[in-house]
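Structures given as structure tokens follow.
After this come two complexes, each holding subunit A, first together with subunit B and then together with subunit C.
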Partner chain A sequence: MSTVFIAFQTNDDTRPIIESILADNPHAVLDEQPAMVKINAEGSLVIKRESIEERIGRRFDLQELQVNLITISGHLDEDDDQFSLTWN
Partner chain B sequence: MDMQASKKKLGLKEKYAHMTRGLDWETSYQPMDKVFPQATFEGIKIHDWDKWEDPFRLTMDAYWKYQAEKERKLYAVLDAFAQNNGHLGVTDARYINALKLFLTGISPLEYVAHRGFAAAGRNFPGVGPRVACLMQSLDEIRHAQTQIHALSNYNKHYDGFHDFKYMIERVWYLSVPKSFFDDAFSAGPFEWMIAIGFSFEYVLTNLLFVPFMSGAAYNGDMATVTFGFSAQSDEARHMTLGLECIKFMLEQDPDNLPIVQKWIDKWAWRGIRVLSLVGMMMDYMLPKRVMSWKEAWEIYFEQNGGALFGDLARYGIKVPECLAQCSIDKEHISHQAWATFYQYGGAAAFHTWMPTDDEMDWLSAKYPNTFDKYYRARFTYWRDEAEKGNRFYSNTLPMLCQVCQIPMLFTEPGDPTQICYRESDYEGEKYHTCSDGCKHIFDDEPQKYVQAWLPVHQIYQGNCFPEGTDPTVEGFNPLAKVLEWYHLEHGKDNLDFEGSRDQKNFDTWRGMATKNT
Partner chain C sequence: MHIDLRTVAIKPVRQTFDNIARRFGDKPASRYQEGTYDIQQTDIFHYRPLWEPELQLFDTRRTKVEMKDWYALKDPRQFYYGAYTVARARQQEAADSNFEMIEERGLAESIPADLKQIALDVLVPMRHAEWGGNMGNSFISAYGYGTAITQPCLYHAMDHLAVAQYLTHIGLVLNGPEALDTAKEAWMNSALWQPLRRHVENVLVVQDWFEIFVAQNLVLEGLSYPLFYDYLDSEFCANGGTVISMMTRFMAEWAAETSKWVDAQIKVAAAESPENKALISSWVKQYRVSVLEALTPLVHRSFGNKAESVFAEVTDQFNARCTKLGLAI
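After this line comes the complex of A and B, so read on.
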């Protein structure tokens, strides 16, 4: 199976996002690099709005992810509730 | 009292549908094929433009909002960097030469990308891709501007940053990235999308921005990290657009497959050749290295590209043929490129040097199959000679590849001691290319590549001297005149790092920053 990934800048905005992703995707692997956090996952990865909102205590629009996003790999599908990456 | 908004906001899918559909009309004064003349000549068949969907579902209102936020974050860092003499915080002044190469070789491409996506947006008849191309066009000019702003802080203090937009049109090694974009821009809009949207953005941009910018962070250069990551946050969208474009073409008509495959093969190879410059930056120009070129290649090209091509196999797309050669080349190209720049350091707008013993040990460890065997002895010899006062500069001009425009410096895939070149005949003339990949591209469209503006040919034809130069006068020094024409000041912008003005100034200023003198 192929690996999808997503990388964010390392900062206070992304910490709860990373926590949510790791909680929602038990198969995901964290790779911390200088100034950057990369999450690799076999097959697919999902980011859930609700999980982030629980951690930050406010409403969150998934498009806010773009501000700190560095790169992705995989087919993307985004709607109001989740942001997912998959390889066929 | 707070006003309560009564209506629920539109969902992402609904908003996207409203803001990217139904914005166009059927023309009546002129037939549609005259209004969109570039949409058909490449042979790509599109039956339903509405099938195009941006998976980010980004609309213009959200675009402005998030881009503004990115800009605020970036400029806060740039201000802090300038106010705190951030340039003195970098590992050592050799690092700054990587930035010179970036500003002269990459930033002008961002500007061309801006123009190219504006043109693609104009030329596609479908509204969905037109909106996506508009956003990317705006992103690209933002990248050009933010890079120029960020690096202007270095221009205040160091040589070689002074005339990038003039140099891109003239300087020999800058014709490599320039010709890549010229080739793409002079093709049709669909090929442009494969060249830039897919090959450059999806397959290769990770190799440019991610390890290099992580490297900038490692080397204490917060300004560059920040513009790099700020640009890269847009790239995630560009990559998605490139991938979407491929899928869209392949799903619209089975006849599109061979055309798309040909472009993938061509642009994968073109892009890989351009990235030799990045390989050299990573392995030689970052004093503190984050990962080797070979490691970056394995993560971002072999693994990630492998996943991508595995996925596209369902459409009948095959892995580009050049990849077999790439798995050999990844052990060599950065060393071969740096060796070339070292020898031609008299004609480059940045400084070059030989690695220290520690750095050579790092290279040996990262390249156990090749560095000690093929490169270390040569590099040690050059360094020893330089220490004795015999710094070697080559004064002849190399032959360039007719397609990628890189000097013939790469070796045969099966023999790292033999320079690789290929030859084609076209209309009674001989043309040379650096590899099977470039020869294949030449042979497919010779009428395009015979027009290439090759810097070495142009110098020999006398087209690269300042106006009024008389090459017949006694003691004429052609190299000096070419440098003058490049706007490159001999003794300041070029030559070895050791003994350079940058080196002296950096040491003096850093001393002033840490002592009371």
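After this line comes the complex of A and C, so read on.
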């Protein structure tokens, strides 16, 4: 198994996103760096639209992630409801 | 010369205000949390209001509903001023462009005469009822307790003005300024509108702010919005009046959004104690009678021979919604 990761800028928009990623992926590890948050996870990581919407109280388009996204590693599988990273 | 570049992480001394940290822990808080929680003034008032010397300027006793923590009545949309204005500006832009297109191309000409008359008779005079909604919600934001509920009520009050303006605009598009005079005349004198006018005016003089919330935001809106902006809207669409739906789009969207907020308030308040539940349920029962009576002539005017079945359906949905919120009605 190897590690996938995703990194965001740290700001008001990404806080609820990070919170929901950590809630949905108990195996994920948070790495806080200056102005950046990196989330590492063994094998796979999934971001769910629903859990982000729950936290921000409005509809969310997963494409909005891109605004604050710094980098990802892993094979990306994306649809309207989730955004997942895995190594095949 | 050799230069080492390194990053230094500076931990902020505090992540948020102390009152927010006490509620949610010392971590970065959202704008909604910072702009909402514990903003309400609770003590050190200057003097008691002359017009109500037995109460403080801000007092929890202005409603019979009791809450341990008034901030439990939070807004699921997390609207603070910024988020609210951005959301509404977007909707306003969409609505304006609809009206612009309709006026530019003279699309109102294409509406069948009978549908146009229903819109003039039923939708346009509603603007006076919307003003009642504005007054009620302004009252709540003035005399209510806890920013969590007074804040969205002020937004709700402003939204009612917006709906009244859209209804006015519909009148202007359909029949020019004359439509507004006819609507006012109908509101004041026509038998069609007197029961609703009575309900709206009765709510204007209610003193318990949570009772106004129930009478206006749950019962009146919960019954009238589905009737006018869902069922009547489908009638318009099915019979060649799509243009009218284009003009009422905001109301339909807004009702769907705000009903979630209203539901959250009622649910939390009713779950707080059996007393609250009984009280809110009794208000629902009381106002449901007068609202149903008030809407009956309008439903007959709007739906003709389908009136009974539409009315029964909407009432059933409303009752189901209340039961789901934990009320005993």
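Everything below uses one rule, namely that the second predicted complex is superposed on the first by the 88 of 88 C-alpha atoms of A that agree within 3 Å, B and C clash if a C-alpha of one lies under 4 Å from a C-alpha of the other, contacts with A are read in each partner's own complex, and residues count from 1 in each chain.
Quick note on the criterion: contacts are C-beta pairs under 8 Å (C-beta built on N, C-alpha and C of every residue); 3 or more make two chains touch, one makes a residue touch a chain.
As the structure is a computational prediction, the values presented were derived from the model and not from experiment.
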item: Partner chain(s) touched by A:16 [first = subunit B, second = subunit C, both, neither]; value: second
item: First (subunit B), second (subunit C), both or neither touched by A:58; value: second
item: First, second, both or neither for A:25, with subunit B first and subunit C second; value: neither
item: First (subunit B), second (subunit C), both or neither touched by A:44; value: neither
item: When both partners are placed on the shared chain, which of subunit B and subunit C touches more of subunit A; value: B
item: Which of subunit B and subunit C A:82 touches, first, second, both or neither; value: neither
item: Subunit B versus subunit C as contact partner of A:34, first or second or both or neither; value: both
item: Overlap of subunit C and subunit B interfaces on subunit A (superposed complexes); value: 33-34
item: Complex interface listing, subunit A residues touching subunit B; value: 2-5, 7, 9, 33-36, 62-64, 66-80, 87-88
item: Footprint of subunit C on subunit A - complex, ascending; value: 12, 15-16, 32-34, 56-58
item: Residues of subunit C touching subunit A in the complex; value: 7-10, 28, 30-32, 75-78, 87
item: Complex contact set, residues of subunit B against subunit A; value: 11-13, 55-58, 62, 66, 69-70, 73, 205-206, 209-210, 213-215, 217-218, 225, 229, 232-233, 235-237, 239-240, 243, 290, 303-304, 306-308, 310-311, 314
